[in-house]
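See the structures that follow.
In the two complexes below, chain A is the common chain; its partner is chain B in one and chain C in the other.
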Partner chain A sequence: MEITLAAEPVARLGDVVITNTMITSAIVVLLLLAVAAVYRARLSTDSPGRFQSLIESVLEFVLNLCEATAGKELGRRVFPLVCTFFVFILTANWFGLLPGFSAIWVVNFEGHRVPLLRAANSDLNMTLAMALIAVGTVQVLGVTTRGLAGYLKELATPLFLAPIHIISEISHVISLAGRLFGNIFGGEVLLLVMYSILPYVVPALFVGLEALFGFIQALIFTVLSVVYISLAAGAEEAPSAHAA
Partner chain B sequence: MGKGPWINGRTARALALAAQLGTAVAASLGLAIGGGLLLDRWLKTWPVFLLLGIAVGLLASWYTIASLARELPGQKKRNKEHNLKDE
Partner chain C sequence: MEKLGIDLWGLLWQAVAFGVLVFGLYKLLYRPTLRMLDERAQRIRQGLADADRARRRLEEAEREYVARLEEASREGQRKVSEATQAAQRLRDEILAQARQEAAALIMQARQQIEAEQRQALEEVRAHIAELAVEAARRVVRASLDEEAQRRLVEEFLADEMRQ
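Up next is the complex of A and B:
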């Protein structure tokens, strides 16, 4: 049993090293594109099938969440970004729980045996990239809402609190990325340990728990992104904040 | 999924904010202390910026928690009512 914090390199394309988490991310993106293509092809307003209803119930769930957190107008504006986060994180988390996911091993360009696939969010680079996009959007929205001068004025009011404001903003990136990474990586390690000491029946319970945690983590990342965005835009809490 | 009683926007928001509190403290403290250590190593002033980092980190984590707590469901309404009472 070998556990490494960093994603394992699998192949090399010129100077770019391809890690197993990058391969998983690419597969997840392709899977989501295929689902979107099938959804688009079967789209019907008269008689929506089960597949369409399932996809639309997921979208409705996230839309209600956005509207309940950021209000109707802003919620709908941020929905495409936030829904992308939710769907990608959830799919990536659940994809990593599929049977046989970590059972495919390859010999990489360095001559080491490494797993071909690894949960996408168990790589800090991935979660950090998503957190940067979320917090970057928050900053852009802050500037567009208040103007650059207003934004900087708010950041430095009072002046002695400016470093604290800046650290607080940067800490959003670290906490968003760190929590998602920590939970998914911890879950991977837990499952690996369980599979090695009790390979029958017991790991199934932990897979179930990890499926739940995968959903909760996707939900937390999504809701926090909306909360930060609504804070930056100065949106009031929705009066009837009920969703899904 | 769909409309059901098992989770709603307020619960999800409260869950997310509660989950964020611990990591927000750790991230703010870690960032400020790490920055302080780096500055100390660079300027050879140990432990001046480390101590400053701890102080700033504690203040930043308090500020982050306060700003997150204000966003808890219903808190804005309570704050408004409290302000009206004061007036």
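Up next is the complex of A and C:
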């Protein structure tokens, strides 16, 4: 049993290497788009079914979170991005806990036997991409709200703290990406070890725990993103940002 | 970086996959849902406003009803009072008229009685005179002539009438 931080390569298209986390994230994206397409087709204003009510309740939960943290206008503007963070991270985390998820193994182009699928958030590329998008949005909002001069002025006020501010912004990326990756990767390793040591009953308890942690991590990533965004947009647009 | 598994291609793949998801969910999920939630909220606001308007109308109607009831009560009391006064006036008029008529009747009766009394007295006097003449004639037939007897009787009657 070999445990690697990096995602395992599964296939190669020319010079491009396809890893198992790329396959998983693509499947999760397609799955969510399919669910959204079904939801869109069945959408009814007057008589929502259980499926629609479930999805509506999730969206309203995130929308309320956005509006409460970043204010009504800004909260609505960033809602699509923030909600996608929550939905994707949660689905990807729970998708990795499905029975048989890690049971499919293939021999890759290097002749190594590797799992075909691996939890998308156990790849730093995935969590880093999302963290960069979140913090990138924060910077863009900071510039659009205050103007480039105002943004730079705030970053360099007081001047001797400018490096600290820049490091702080970078640390947001590292903390967002590292926290999610660490938890999901750690959970995967824990489950793998548990399956190896005690293959019956006991791993089920850890699967339940991982499901809970998966939800918590999705929530933490989402909440922190909204808080960073609301702070970047300033107190005028985000009345409750200080409380967060 | 390589040991952590971070590479530019992997990063780009995941970022693009996430971007596609954001775009797809925005089109399929977020936009229609937000529009629907807004419509629903608008409908709820409209319903609440309608209910508030209906409540105000009801309160206004209740106030109007109470006012009309009080007005009707006042009008009823006024009419009863007017009717009572009219009845009182009518009663007084009837009583006055009755008194007048009664007085007239009494006066008429009294005059009639007096007339009848006078007539009776005349008749009685005439009758008494005749009786007296007759009596006197019988008494003095023997001593007085008829002329003397009549004079004496007339004098007697005149004295009697004066008394």
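Keep this in mind: the second predicted complex is superposed on the first by the 234 of 244 C-alpha atoms of A that agree within 3 Å, B and C clash if a C-alpha of one lies under 4 Å from a C-alpha of the other, contacts with A are read in each partner's own complex, and residues count from 1 in each chain.
Operating definition for what follows: contacts are C-beta pairs under 8 Å (C-beta built on N, C-alpha and C of every residue); 3 or more make two chains touch, one makes a residue touch a chain.
The shown structure was predicted, so the numbers you read here are calculated from the model rather than taken from an experiment.
On the superposed chain A, the positions of chain B and chain C stay apart, so the two partners fit side by side.
Taking the C-alpha centre of chain A as the vertex, the lines to the centres of chain B and chain C open to an angle of 90 degrees, rounded to the nearest 10.
Shared-chain residue A:P163: touches chain B; no touch with chain C. In the superposition on chain A, A:T19 makes contact with chain C only, not with chain B.
Of the two partner chains, chain C is the only one that A:M130 touches; chain B does not reach it.
Of the two partner chains, chain C is the only one that A:V87 touches; chain B does not reach it. With both structures placed on the common chain, the touch criterion links A:E60 to chain B and to chain C. Of the two partner chains, chain B is the only one that A:I220 touches; chain C does not reach it. When the two structures are aligned on the shared chain, A:S175 is found in touch with chain B, with no touch to chain C.
This overlay, made by fitting chain A, leaves chain B and chain C with a least C-alpha separation of 13 Å.
Shared contact residues of chain A, touching chain B in one structure and chain C in the other: 60. Those residues of chain A whose C-beta lies close enough to touch chain C in the complex are 4-7, 16-17, 19, 21-22, 25-26, 29, 32-33, 36-37, 39-40, 43, 45, 55-56, 59-60, 63, 76, 79-81, 83-84, 87-88, 120, 123-126, 128-130, 132-133.
Residues 1-4, 7-10, 12-13, 15-17, 19-20, 23-24, 26-28, 30-32, 56-57, 59-61, 63-64, 67, 71, 73-74, 76-77 of chain B are the ones that touch chain A when the two sit in their complex. By the touch rule above, chain A contacts chain B in their complex via residues 57-58, 60-61, 64-65, 67-69, 161, 163-165, 167-168, 170-172, 174-175, 178-179, 216, 219-220, 222-224, 227, 231, 236-238, 241-244. Chain C makes touch with chain A in their complex at residues 2-7, 9-15, 17-22, 24-26, 28-30, 32-34, 36-37, 39-40.
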